[in-house]
Amino acid sequence: MIKSGVYSFLVCALMGVTAYASFYIAPTESTMGLVQRIFYLHAPSGMTSLAAFLVSFVGSVAYLLTRKARWDWLAVSAAEVGIAFCTVVLLTGPIWAHPAWGVWWAWDARLTSTLVLWLLYVAFLILRTMIEDADRRALVSAFFGVFTFLDVPLVYGSIWWWRTQHPQPVVFTSAGLDPTMRKVFYLSWLSLTCLMVLLIRQRYVLEQSRDELRTLEQESEAN
Amino acid sequence: MSQRIARPVGLKFNNIEKRFGALYALKRLNLEIAAGECIAVTGRNGSGKTTLLRVASQLTRPTRGDVKYSGLSDGEIPAIGYVSHAVMLYDELTAAENLLLFAKVLGIENPKQRTAELLEATGLVARAGSLVRTFSRGMKQRLAIARALLSGPGLLLLDEPGTGLDTESMVWLVNTVRGLRDDGRTIVMSLHGESGLSQLATRATRLDAGSVVADTRAGATFQTVFAPGER
Amino acid sequence: MRLFSNTAVLFGKELRTEYRSRELLITTIVFVLIVITLFNFTFDPSVSESRRFGPGLLWLAFLFSASLMLQPCFLKERTNDTLSALRLSVGDPFAIFLAKLLANACLLLLTQLLLLPIFAVLYNIRVMPVFPQLALVFLLGSLGVSVTGTALSAISSQARMRELMLPLLLLPLLVPILIASTEATAALLEPKPSLRWDWLGILIAFDVVFLTALWLFGEYLLEE
């Protein structure tokens, strides 16, 4: 209890420091100005969402091999957190793009891939709502979770290669990062990763409690 | 390596639990069936009879507990014949095609010959080339039993096999099961009540809410197992 | 090996039952035609635009129709519980998947090949010079669609709203196939046709990855 409270506090503090750094420590970018600072949220969120999906994949594989419910709890928790970070990427993209380049959306490789990823994992969650039996749901969604994650490199690869063949004016670059900018970027990445761990844990505990409640209900019905 | 063994086998259900969501189909079920025994399993609807048979055939994985087969060495799989409520046959294939398909998949030697034998034994030679879609319930059941017998199984699992059969088919069924019993095969039949089939059984068991509540081996009589409210 | 003989027998069964009714093939072909026709109303194609948009629209139509045509794959094994009969008879449950995915791939490929002349006419494209290469692209693409679609058909048959679930799950998964197949097809229909092994490489990678995943974990989908 205390440990998780302390950890939450630390994460909040870290996020606070990152926010301060993004606004006051990182130098202003020459061409885009103030709005470029959203990069410190946009890019690390993308990486964090991938990390969360990787954790979900591990949970799915582990469930298929062991059939222990806690791996299913991990898989769904990490998937939801991954979707949350994906959503951040998809929202900050247009917020960044419109003032900077005058377009709300650009079908650049990373943003497009993130959109497909978002759709895939939302489908994963929808699938779970369509199966009532907990064990069946865990098994089936674990299988789909494996398929989904295996698709991720193929999605990224094919979209990236497609964009290389049909180039668009480049947006969302983080090319040529100044050293201070780089440090703020890594700080943001660290704090978002810590946030990811916190969120996954909270969601995991929630899923665990739901399962305990379900078990108690079933046992009382059986007697 | 995956050749199925056609010797009669016994079954041991150890503390079987099968949950479907909130529903316990089987709960703390313990049952031991000797090789060659012909046992009738009865109980109300929803007492777990079908699930018991599906667990025995390994179609359904128990949530807890396991099923062990006796009379086998390590690594041997028993040849099991399973007849369920559903007919388990392809409507768009003929009777002969259905049997031939499963015979080949089972890896039976001389599948065509075996198919012909079973069509003969079940009296379906005349309709061998007709699509199963056109069959009556009685004929479908005969074909289903033919399918179950393809591998010459030592263990037969029959789920309410007499349902929907006319008198003639029922007589045929009773005679067939009698023959299989006298052949020494282990037979587990789930039945709704006493009938010509239950009279073939050497043992009867009653299930209620997923557990065994009465067993002739434990001293109950056939009457009390089949009709617990009476006498 | 028993896996291959089981697969061959079951593959024969899949083709034979489809041949008897021919419902799936005809319905799929007509559906693709409908989609292509509808696409035509959304833009006014000049010849050069046809060449640019044509392959993408064709593959989009294939994917939509596949996501519908693959529905009955495992659903039809539920009517008489023939799935249980198969599970009791086969040595390796993967044979069930392998037979179905090969049959589905054949069906998809046949649909594409039959539609090719119609497509060529509608969009004023010359296909005969590059027919073998096109067939290769169609084959690799169809395999990818079939491997994933067959697996997902087993999943969606266990879920509610299964008619919607299969397209929902399948279409995002097939983005790499859509991109690679469209690009490879388009490259073959250029004035100077070329066989793009980079795109074929992605198709092959997709097919191998998902076939392996299905081989490793597929049997869990058939459990009760």
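In order of appearance the chains are A, B and C, and numbering begins at 1 in each one.
Note that in this section a contact is a pair of C-beta atoms (placed from the backbone, for glycine too) under 8 Å apart; a residue touches a chain by one contact, two chains touch by 3 or more.
Keep in mind that what you see is a predicted model, and the values were worked out from it rather than measured.
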Inset, instruction - Starting from the Cα centroid of chain B, hunt down the chain whose centroid lies farthest away. - result: A
Legend entry - Closest chain to global C-alpha mean, per-chain Cα centroids: C
Inset, instruction - Please work out the Cα centroid separation of chain A and chain C, and write it as a whole number of Å. - result: 31
Legend entry - Chain centre separation in whole Å, for chain C relative to chain B (CA means): 39
Inset, instruction - Just give me the whole-number Å value for how far the CA centre of chain A lies from that of chain B. - result: 51
Legend entry - Of all residues in chain A, the ones touching two or more other chains: 132
Inset, instruction - Would you mind listing the residues of chain C that make contact with two or more other chains? - result: 223
Inset, instruction - Name the residues of chain B that each touch 2 or more other chains. - result: none
Inset, instruction - Note which residues of chain A are touching chain B in the complex, please. - result: 132-135, 214, 217-218, 221-222
Inset, instruction - Spell out the part of chain A that touches chain C in their complex, as residue ranges. - result: 64, 116, 119-120, 123, 126-127, 130-132, 136, 139-140, 142-144, 146-148, 150-151, 154-155, 157-159, 161-162, 165
Inset, instruction - Enumerate the contact residues on chain C facing chain A in the complex. - result: 148, 151-152, 155, 158-161, 165, 168-169, 172-173, 175-176, 179-180, 183, 198-199, 202, 205-206, 209-210, 213, 217, 220-221, 223
Legend entry - Interface residues, chain B side, partner chain A - complex: 19-22, 24, 27, 63
Legend entry - chain B residues within the chain C interface of the complex: 2, 54, 57, 59-61, 80, 82, 84, 86-93, 97, 101-102, 104-107, 147
